[in-house]
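Take a look at the structures listed below.
Each of the next two complexes has chain A plus one other chain: chain B in the first, chain C in the second.
Now for the complex of A and B:
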């Protein structure tokens, strides 16, 4: 089995998101990056497949320098190969550009499965997995919480999540692109010392070349949501807040 | 079809329309009334009969009926939709920002040459552009986007438009067609559905839900949340990340891929309010949210909020509730 996993660097939404002066992008200096959470699940799923079948996992890190750290972590977790794909700040969330940029390299790599998170938090378009599969002319199924490969490596049986906890079972001919919602187990933890070690010995291939000129979604402006309603804030320390919640519960006859 | 039409790609399950279909029709109706464009509902199914007389707010209902269209198959659905949409050449196509719509957006946009926009909560047409407002960065920001109004594929977030406006007092003109566009070998084959196990508790029937988000930090902390829930005569539920950690069973997950709940009280602890969670709890009677991040989107959904540390709050709150119960 030959698997590729695509790991995107996305703005960490726990940090404050500062809108740049142009009003339609984030202020680059203020962005803190993390690996897109569902891409971490895609990596975990690939490593689980590797443990069940003989094979290799190639981690493909997209973004700025933060992507190199993500690759070191991936190798420390068990990825066999690391590929860094530098992406200009403006294009990082643009899956139309990313899919066009990656298609040739993924085709040349001859992977049986390409795994990626079913969506990214900076996504405004159709999503990376579906666009990639369409460009490669291979099947795509997303929203997956389980992937099994048959012994011959010619097809996968996947579990696709539907609302209400229902799971669709589908058989997919390989090669295919799979959009992961959650791996079969939580992404593994790897100690910092192992990441440091991996970083020292890391051999990263780089996908060079300019980004393709592909039309994408035009962002006119970014804005903070102005909700029609905002919660009435309960002030004070935990004691005061607890007292107010107890009153609310009493008023509603819920006690 | 005249140029500039709007097509809603319906979602159905076992002979019933999904809520998102009515919400897309409400969005499509509003846009159609503003632009004067015709609104078509395009429905793929293995059985047309249950849908023929529905009073949908579309001008026309096109049902594509074929035995292969029973279970969702991204490959088959994309092929059939591409065939029909190419012929209809609408300006705007509405898809659900759902498990099925998200599978179709990529292939359809390349097959049709139209641009897809996801996470949309508002849609408008300005000249020859579709202008959409989308949720971005876990709902922390909104993006106003524009794409050409030529087979523009807009993925609508569930809950963005009132579903009752997707119906009206009369049924649209109905056409039933065969499954054209199906030729060719299939590389994706649906093999069935695994129904969720009937597990410990049905969250939809519990009047008080205490919901744990990422802010609970550790599995051990769930114990005091369970104590709090017991005191309130309710149950513990959680967001997806908590369930993915294996801290609670899947049956306790509230949100898009979990359960949709409407309890009398929803106490959201350490929950940021990502759109896919909010979808499953926003209709609760009373929402009280506790999160140290004052800018967390959950406070736009909650009726009451507090930014104290939940680990400090919970023991105090539980004690006060026990005391209040005892003193009744």
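Now for the complex of A and C:
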């Protein structure tokens, strides 16, 4: 089994996001990066597959220098190979560009499965997985919460989550791109000492070259959510509050 | 007999090498080799407040290690039940550092061996590694509380100096229920005319992780390196800390790793100024007060009197002790990472320690449960609510009580 996992660096919303002066992008200086949460799940799922079948996991880190740290963590967790793909800050949320940029390398890698989070918190357009599969001419299925490979490595049986708590079990021909919603277990913990060790000895391949010019989405304006209507607090004791609720229901014709 | 011995791992079992390697690592730590002096008396296990819920109690842990069976411990949840109360360490007749070294090293072993860590604690580790605090709060907002302090709280930039460098700590900086106490201490320092400053956003978690036996040594080292680099860029005569766990890390572990610091807990700092505090007191506080000895300040660092001295400066209060006080105090259950293991421990014990402790406090007839460790504010506050003691008993930090009696409470603008 040969698996590739795509790990994207996205803005960490623990820090306040600041809109840049141009009014249509984030101020890069104020951004702290974090690996897209669902991509962490994709890595965990790949490592679980590796534990069940003999094989290798290639971690592909997209972004700036923070992506290198994410690759070191991936290797500390058990990834076999690390590929760094430098992406300009402005292009990171554009999955049309990312898929066009990655397709050739993924094809050349000969992976049985390419896993990635079903969405990224900064994505502008459709999910990366589907766009990648279209470029590679292979199947895509997303929203997955479990993956099993058959013994011959020709097919995968995947669990797909549907709204309302329904679960679909389906078969997909390999090679395929899989969009992970959640791994079968929460992403594992790796002690800091192991990450540090991996950082010191990390060897990354780098995917160089300019980003392709493809038709995509252009951001025209970025706005912060505005609070409009405020909640009205009902004051008084229980009887007074109950009376006010009854009046509100009557006034608004809710019954 | 020989075959049986083999199957037990006494001779040549597969755990023997792993056990030897583990004991080798343990012996490199201060007093780590004292484990050899264990007389298997069971004092540790008998005095452990959660020992009854352990499948392998501390005495058995040592017996397992002697039998070459460290791998048995991998399968036990006992290692994660330790709340770092230091009863075992304090009472061990052979002076074995059970909490700080044995339990910590076992946790490290589990982490390094990929056995994993309970999920809540894992999240705290990840957040501390990433943000420098276990809550996952923005590192940039660490000193945001200073805006509400109502007095000037100087942030020392590299090259700056002050007599006292105040180590605010994660709970004191971020936790809503602790911030009022942090502000109270800022106002106390201000009114006492202390030349002080804080590290601001350059302060990260002190990393008591390793020493409160959470076992993430790599994380502790990373925090230690960051913090000592920041400390070395400022000049100060002493470090003042609000959190007993930071007190322990900075005074003992940082020293062990090559950074000796003069560190005092705020109650020690204030107790030294008791006559001055007394002169500044403006209001009487008609209250019966019982003081809870924080494990990390008491049993672990032998400080029982300073908080009581500060409380006694407050006019009107009457101090009463709970039956279990000083070296016999019952733990709040939050040490050693247990603050992030509450549900894990509850599933196995069902009687939370903070609930037991607030009931003890209520039985004294006290109106106020005074504390000197920030973890105890949210822990006891919640326990008071779940025990139905709301309205009868309040948990309050010593600093905040002193500030109130000096007329320093209430909202203020700087």
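In the analysis below, the second predicted complex is superposed on the first by the 227 of 255 C-alpha atoms of A that agree within 3 Å, B and C clash if a C-alpha of one lies under 4 Å from a C-alpha of the other, contacts with A are read in each partner's own complex, and residues count from 1 in each chain.
The definition used in the following text is that a contact is a pair of C-beta atoms (placed from the backbone, for glycine too) under 8 Å apart; a residue touches a chain by one contact, two chains touch by 3 or more.
These figures come from a predicted structure and were not determined experimentally.
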First, second, both or neither for A:123, with chain B first and chain C second: first
Superposed model, chain A: greater residue contact from chain B or chain C: B
Which of chain B and chain C A:69 touches, first, second, both or neither: neither
Touched partner set for A:165, first chain B, second chain C, both or neither: first
First (chain B), second (chain C), both or neither touched by A:141: first
Touching partner for A:184 - first (chain B), second (chain C), both, neither: neither
Chain B versus chain C as contact partner of A:193, first or second or both or neither: second
Which superposed partner A:14 touches (first chain B, second chain C, both, neither): both
Footprint overlap on chain A, comparing chain B with chain C: 14, 16, 186
Complex contacts: residues of chain C adjacent to chain A: 108, 111-112, 114, 116-117, 119, 122, 125-126, 129-131, 136-138, 140, 216-219, 221-222
Complex contact set, residues of chain A against chain C: 14-16, 34, 186, 188-189, 191-196
Chain B-touching residues of chain A, taken from the complex the two chains share: 11, 13-14, 16-17, 19, 37, 41, 96, 99, 118-119, 121-127, 129-135, 138-143, 157, 159-173, 176, 179, 181-182, 185-186, 215-225, 227, 229-234, 237-239, 241-246, 248-250, 252, 254-255
For the chain B and chain A complex, residues of the former touching the latter: 71-75, 98-99, 102-111, 115-119, 131, 134-147, 153, 187-196, 207-208, 232-233, 240-241, 244-246, 250-251, 253, 256-260, 264-265, 267, 272, 285-290, 293, 295, 297, 299-309, 312-313, 316-317, 320-321, 324-325, 328
